[in-house]
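If you scroll down you'll find the structure; I have some questions about it.
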C-alpha cells in the first residue's frame, strides 16, 4: 500500500494543504465574518492553528516555563474545553495588548474584535468604527467605560441616568465609583419616553460634576428606547460623554438607527451590547463599541489585568458557524417573528378583554395589561406561566412595592416609573426564537390563563391554598 | 439476545445506577473536594446531571422562551464547549443568587464556591470562612472588594498601597474610583519589606479618607510578602478595611500563614487569589475569600449583572480531577521544586560570579544579580532567554526608566523601589512545574549565558547588530 | 449560596433525575427507535449510563483485571472516541452472547439489534422477525450466512449466483469456501432480469451440491432487482437456502416488497443490508436479518470471536438522533429526489441526444447511454466528472474488457452481462442526498459534457494530451 | 489591536505553520512510530489533516455525490466520534487499495499498516516484512489467511491444529470452510507441549489434503507456546503453509523469538495478533503479519468489501500517544510485573498448600492448583473472585465435562488436554496492568480464599445455599 501512493496523491495532498492554509490565511488577513458559514471541521482547524501559536503548544521547541503563569492546565477535560487556549486575553497593561507567550490567543482576541465590529456594521450600525469584546457582563462593561471617562473629567461625581428598571445597569454606576442623577421618564401615549428637557437642565446646572449621561435602547415595554439623538446633541453642546446601554439592541433596527443618528448628529462616546442576548452564545461577554478607535483603546487600558478568552472565542466560533448570511437571517427572523408574536398577543388580549400597549419603537418587547386578574393574584399568574414552561414572560404587578437600591428609593420598580399602573405581562421575542416555539407559546398561554381564571373563581367560594403552593421556583 | 438479559443483569444495572446517583448526591450534599480524583467519565456525568437542571435542557417538558435571554446557543461547537451550561452565574441582583431558569448552573457555581473554600483550607488558610469564585482577573476582583467597602466609608477617597510593581494591582484602585497613597518599601538585608510605620502614620492622619489598606503577599523577589499581621493590627486599631492581594500565594505556606495570623490578630477583610496561577486552570477567574460570609455576600451583591460560569466550572472540574490528594501533591511539589530551583540557581550564580538575593519569606520567586552583563545589554539577555524557549524569566535592567501610570511617576518600575540597583534576573517556580523542566531550564540557562557572553566580547571588537536582531518577540 | 438551595430546588432536582432515568429505562425496556429524535445531551447520557455498566468503568468498586483482555485503553483520545466502551461485542462462543465483564457494551449491542429490526419494519419489511448488527461489510456478512448454512448441507460446494457485477458479492462466495455457479441475466426491454428457469434447472440437477442461492436486490441500472419471489418458490421446492444481498435496498420500497413476498410465498433464509448505505453511518457494518430468530442465532454462533461494537453503537446513536420520524423522512426524501433526478437526467439526455434506460423496478440507480461519446473516450469522461467534484457517477464504457476473478472470466464486467452495449453512465440517488446537491449536479453535468465535447472536437484536429492529463484521481 | 500585529508575529506564525506541516509531512514520509509520543493536539491535527483529504470534507470545492455510498453521516455525534473519516478502508477489490473518494482515510490505513509493522519490529519480531491491520477479531483474521491459502491448495480440506482450548480459534477453521485434524498436546513436566511427531506424521500421510498447519503461541498455562520452529521445519519440508495464532504474544519475548526462529529455519506464512490485547485499544481489530509482502497482498485481496477504519485509526492514535518509547515501556513493564505476579502467586500457593505449575516458556499466564477446594465447589470459587471485582481470573474445575463443538468432542475443554487434572486457577498479567492493581489483587485473593474456605467448613455442618446464591454474573 505504501508504494501505491504516487505522485497523483501527493499532488492532491499538496493542493488540499494549500487550500486549507489559504482559507485560514485569508480569514486572518481580512478578519471579516465570512459570507457563508464554515463546516465545523474547518472551525476546529482554525482553533488548532491558533492554539499552535501559544508557547505551551509549540511543537518546534519545548518551552520551559520559569514564571508564575505559564498556561498550565491540570485537567485534560478543562484543556479540551478551552481548545488548548489557556492564556486568556490582554496583559496587565491593557486588554488589547498582544501576549508574547500567547500569540494565538492574542490573534483570536483580535479576530473577535474585528468580527464584533463587522457584525455591528452588518446589523446596521454603520457609524461604528471600533469595537472590543470584553469578558464582562453589560453592567461591568458600562462601569469600565465610566472609569475610562474619569480621566477626562477628574472632578465628576455623577452619572445622569434616564431611568430603566434593571438592577445591573443602575449598579454599574456605583461600581465605577459614581452616583446617579435619576431622570424619570415621561408618558407619551402608552409609551414611556426620555425626559430630554430634564437632562438638558441638569447638564446646564451641574456640568463638570457629570462624568457622563447614560441612556438605554433595548428595554421592556412600555418603556421606549431613549431618545439618543436628542441626548447626543445636548451632550455635544455641554461636552459631556454619552454612554449607551444597547444590551440587546443589535437585533432591533430602530435601536441601531438611534445609535447612528446620535453618532452623527451629536455625541455618543461608547455603546455596550450583550454577547449572549444578540449572538446566541453563553452568558459572559459584551461588546463595547465606539465611533473612535481611541475611545476603545482608552477603555481597554482601564481593565486591570488579564481576562478570559472564552467570550471572544465563542463569538468567533458562532459567526464562523452562521456566516454573515446566517447572522443576517437570525436578525430578519427576529423581526418577522416579533410581528407574529405581536399579532398573536393582540388577538389573545382582545379575546380576554385586555390590551397590548402601543409602543411603536420597541421592536423586541411587548406588554399586555392584566386588568382581568385581581392585583393580589398577578404575581401568582407569573409563577404559573413559569411552571408551565414559559420562561422569560414576566408579570409586573400593580401593587406598589417600594424598594431601596444603594440608598435610592424606587416606586413600582420594574415598571420604569413611579406612576401607578394596573399590572401587566411582559414578553419578548429575542434572536433565536422559532415559529414552532411561538405556536406552542400561544397554545399554552390561553390554557394557562383560562385554567387560572377557573381556579380563581373557585377561589371566590373557598380558600385557594392549592394555587399558592404552585408559586414560582 | 433480548431474552438473555435477565434478573441478574437487571439487579446489576439497578445497583450501578444507584451507586452513580449516590456519588453525585454525596458530592452535592457535602460540597467538598473528594479525597481522591474522579475518573473523567464521572466528571462528565456530573456535568450532564447538572446541565439537565437548566430549563433549556429539560427532557420532561419542552420549555418555551418568551424573554430576551433564554440560554440559546447558535453554534453546536460552542454548546459542547460549555457542556450545555449557557446561563452563566448570578442574577442582576447578585453574583450568588440562584437563577430560576438555570438551577444546574447555579448548583455548579455553588459547588465552585464551596470547593474554593475547601481548597483554601487544605492549603492551610484555616481562618477563611467564606469564598466566592468570580469570573474576573485578580485586579478586577480587588476593585470589586474596594467597591463593596465604599458603602461603609462613604467619604473615603484613597487606598493605602504598599508598593508592588505590578500594573493591574495599581490600576484596580483607579478602576474602583479611588486613588492610591503609595507607601514605599524599606530594605532589610537583600529584601524589600513593608514600611509599617508609614502605614500607621497615614491611617492616623487621614483615617476617614481611606477606604482600605491594600497589601500583597506573592511577589517577585527581592520584594517580600507584606507584613500582613502588623498591617492588620493597625487596620483594626483605626477601623480601616484591609484588603490582601494574594494573587499566587495559595501555593506558599508562608503567604497562607501570614493571612491566618493577620486574620486572628487584627483586621483582614478580604483576600484575592488568581485561579489560573494557583489551580492550573485557564486565565479568567479569581477567588475572593474572607473571614465572614457577610463580607462575601456584600461583595457578590456589588457585581452588576450575570457572569460567565466558565471559571467556576473549571475549578470544579480540576479539583474533581486531582482530588484533595492531587491538589496537596501539587502544593508539596511546588515547595520541593522551589528549593531545587533555588539551589541550582545559586550554584549557577556562584559559577558565573553573580549571586542570588536572600529573601527568606519569598517561597515562589528568586532574583539573581546580573552584574557581569553591561547595563545596556541586560534587556537583550532577557529576550534571548525568551527566544530559547524560557518563558517567565524576566530581566529587571539597572538603567532607570521613569514611567507614569495614572498620573503617578515610578522610578525603576519593576523593581518595587526607587532605589538604584545593578540589574537582576527574576525567576519563579510555580505550581505545575516539573523536575524535567527544571533540568532543561538549567541546561539552557548556562548555554544561553555563555553564548551571550561570547557574542558580547566579539561585540567589543565590532558592532553587534546580529544580537539586536534577536530581540524579544 | 449553600444555604439558599432549599426544598424547592431539591424537589426539582429529584423530579429531573427521575424523568431522565425514566427516559433511559423506557428505552431499555421497549428497545424501540423513539418516535422523535433525542437531543444530543440525552444521547450522550445514554452512552454514559451504558458505559458505567462495564467493569472497567465501575465507580462502586475498583475492578482488578487478572486476565489478558481487560478493556484497557492506553490513549485517552481513543477512550473518548469509544465513549469508554472498549470490550466490543460478543464472546468467543457467539456474537450475541452477553459479556459478564461488559454488561453495558452488551446492552448497547442488544439495543442495536432491536433498533435494526424495528427500522426494517419501519422501512416496510414486515416479514422480518430477527436481526443482528455485525461489524462486517456486506460481503463478509454474506459469507457468514453461507458458513452457517454449511452445517445443514455438509456436502454442498456451490452457491447459485444470479450475476451482479460487484466484486465483494462474488468474492464472498470464495471467502466462505464455496464456488459460484453463475446464472446470467436475461434482457427484458431495457432491463436485465433474473433467469428464473436456469436457476430452477440447476437446483433440479445439482440439488445437494448447492449450499444456497444468492440473489441481489439493489443494483446499478439497467440491472433490475432479482425476482426474489420466483427464486424463493424454487428454493422452497428443493429445500435449498436462499440468501439475499439487499445491500442498499432498505431505501427502496420495491426491494422491501420483494423480500416480503419472497418470505411469505417461498423460502428466504437471510438477507443482508449495509449500514452505511442505508443509515448514513460510517462504513463498517451490516445488518443480517431473517424471518426466524433461530437463523440469526445460528449465524451469530458462527462468528469466531469478539468484534467491534462501533457499527452497533453508530446505528443506535443515529436512530436516536433522527428518531423514527427522521428515519422515515430520509426514506421519503430519497424516493422523492430519485424521481427528481430521473426527470432531470431524462431531460438532459433528451437534450444531448442520449436516452435513459427504462428499468422500472430499480428505484435507486439510473443509466444514461453515452452514444455521443466515442468509445475510447468514455472512461475519460468519467474521470472528468470526478475531477469536477461529481463523485459516485460511473461510466461503463463500451469497449469490452475481459477480466478474471478467482478463475472465472467475465465479459464486460461492470455491465452485469456479456452482451455488447454502447457505453453508459450510472448515477444513483441514495439516502441523504439533498435537493441543493441535485441542482448543483445538473449544473455541472451539462457544463462538463459540453466542455468535454468541445475539447473532443478540437481533438479531431490536433492531439489531445491536455485531456489525458486530467485523468481520474 | 489589528495594527499591532506586525512582521514579527507574521514571521512567527509562518515558522509555526511550517514546523507543524513538517511534523505531519515527516510522519507521512517515514511512516514510523515516532520516538516520543505526540501531544494530543498534534494527534488531533493529524486526524484533521487526513480528514481534509476525503472528498466529503473538501473545502476547495463542493463535492456532489451521485452514488449510493458518499460518506454521508446523519448524526453529528457519530461524525465526531469518527473524526470526519467515514469512508472506511479498502475497496471491493482489496483491503489495501486506495479509495479515490477517500484519500485521507486511505492514508490513515496505510499509516496503520506501517505502524503495525514497525511495532512488531520494536517488539522483537525482526523477521516480519509486511503487516496489515484488519477490522476483524483474531479468529476471523485466521479464517481470512486460510481462505487466501486455498488458492494455492485447491484440493485441501483440513487444517492441522495443535489443540488450544479457545473457541474462536477452533471455529475459525470451520468459518473458512475447512475441518480440523486435532493434534493433542503432550505433557513435559508440568507443561503441555506440541506433539511434533504427530504433526510430521499427518503431513507425510495426508499432504495435499492439508491447507495449513495452525499453531498457537500465547495461551493459558500450563499449555506452552507451540514449538513453532519444529513445526516450521516440517511445513517447509512438505510445502504446507504454516499459520500462527499469536493472539496476545507480542508482549512475550519468548513468543516473538519463536516466530523469528520459525521464520528463518522453516516455513511460517502468516501470524495473527489481536490489537486490543497487545496495544490497549478497544476490541475490534487484528494485525496479520508475514515474512513476505506478497502474502499480505494476497490476504488483503481476499476480503470481500470495504471495512471499518476504526481499528486502524485506534492503533495509529495509540502509538502516536505512547511513542516508540512508551510502547517499549509497556512491554518492559509487563515483563517485570509478570515476574512479580508469579512470585506473589507462588508465595500465596505455598501458604495455602497449593502450587503453581512450572511452565517456563509461558510469560503471560500462570496456573495454580486448587487441590484444597473440593471439586464440586471450584467453579463457585471462580464466581466469588469475579464478584469481588477480580476479572480475568478463571477456574478450570477438575470435574470432567464433555463438550461438542462443530461435531468434535472435547474432554476437559478449557485445559487443552483430555487428561484428568485436579482443577486449577488461571491468571494472566497482560500489558497495561499496574503495580497498584497487583497489590490489590493479592490483597483480595487471600481474603476471598479464606472467607470461601470458612463458608465451606460451615457448609460441612449445614447446607450452603447462601454461597450458591452468590454465583457468577
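Should a chain be cited, it is by its letter among A, B, C and D, assigned in written order, with residues numbered from 1 in that chain.
What we mean here is this: contacts are C-beta pairs under 8 Å (C-beta built on N, C-alpha and C of every residue); 3 or more make two chains touch, one makes a residue touch a chain.
The structure presented is a predicted model; accordingly, all values stated were derived computationally and were not measured.
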{"item": "Residue-number overlap at the chain A/chain D interface, same or different (half cut)", "value": "same"}
{"item": "Fitted rotation between chain A and its twin chain B in degrees, CA, nearest 5", "value": "180"}
{"item": "Whole-Å separation of chain centres (CA-atom averages), chain A against chain B", "value": "29"}
{"item": "Centre-to-centre distance between chain D and chain B (centres being mean Cα positions), rounded to whole Å", "value": "49"}
{"item": "Whole-Å gap between the CA centroids of chain A and chain D", "value": "57"}
{"item": "Chain D residues counted as touching two or more neighbouring chains", "value": "9, 12, 40, 44, 58, 76, 103, 473"}
{"item": "Chain B partner contacts - residues on chain C that touch it in the complex", "value": "1-2, 4-5, 9, 12-13, 15-17, 19-21, 23, 31, 39-42, 44-45, 48-49, 51-53, 57-60, 76, 84, 96-98, 103, 106-107, 109-110, 113-114, 132"}
{"item": "Residue ranges of chain C in contact with chain D within the complex", "value": "40, 43-44, 55, 58, 61-78, 81-83, 85-89, 92-93, 100-101, 103, 135-140, 142-144, 147, 150-151, 166-172, 174-178, 218, 248, 274, 276-277, 279-285, 302-311, 314, 317-318, 321-322, 326, 330, 364-365, 386, 389-394, 406, 427-433, 437, 440-441, 444, 472-473"}
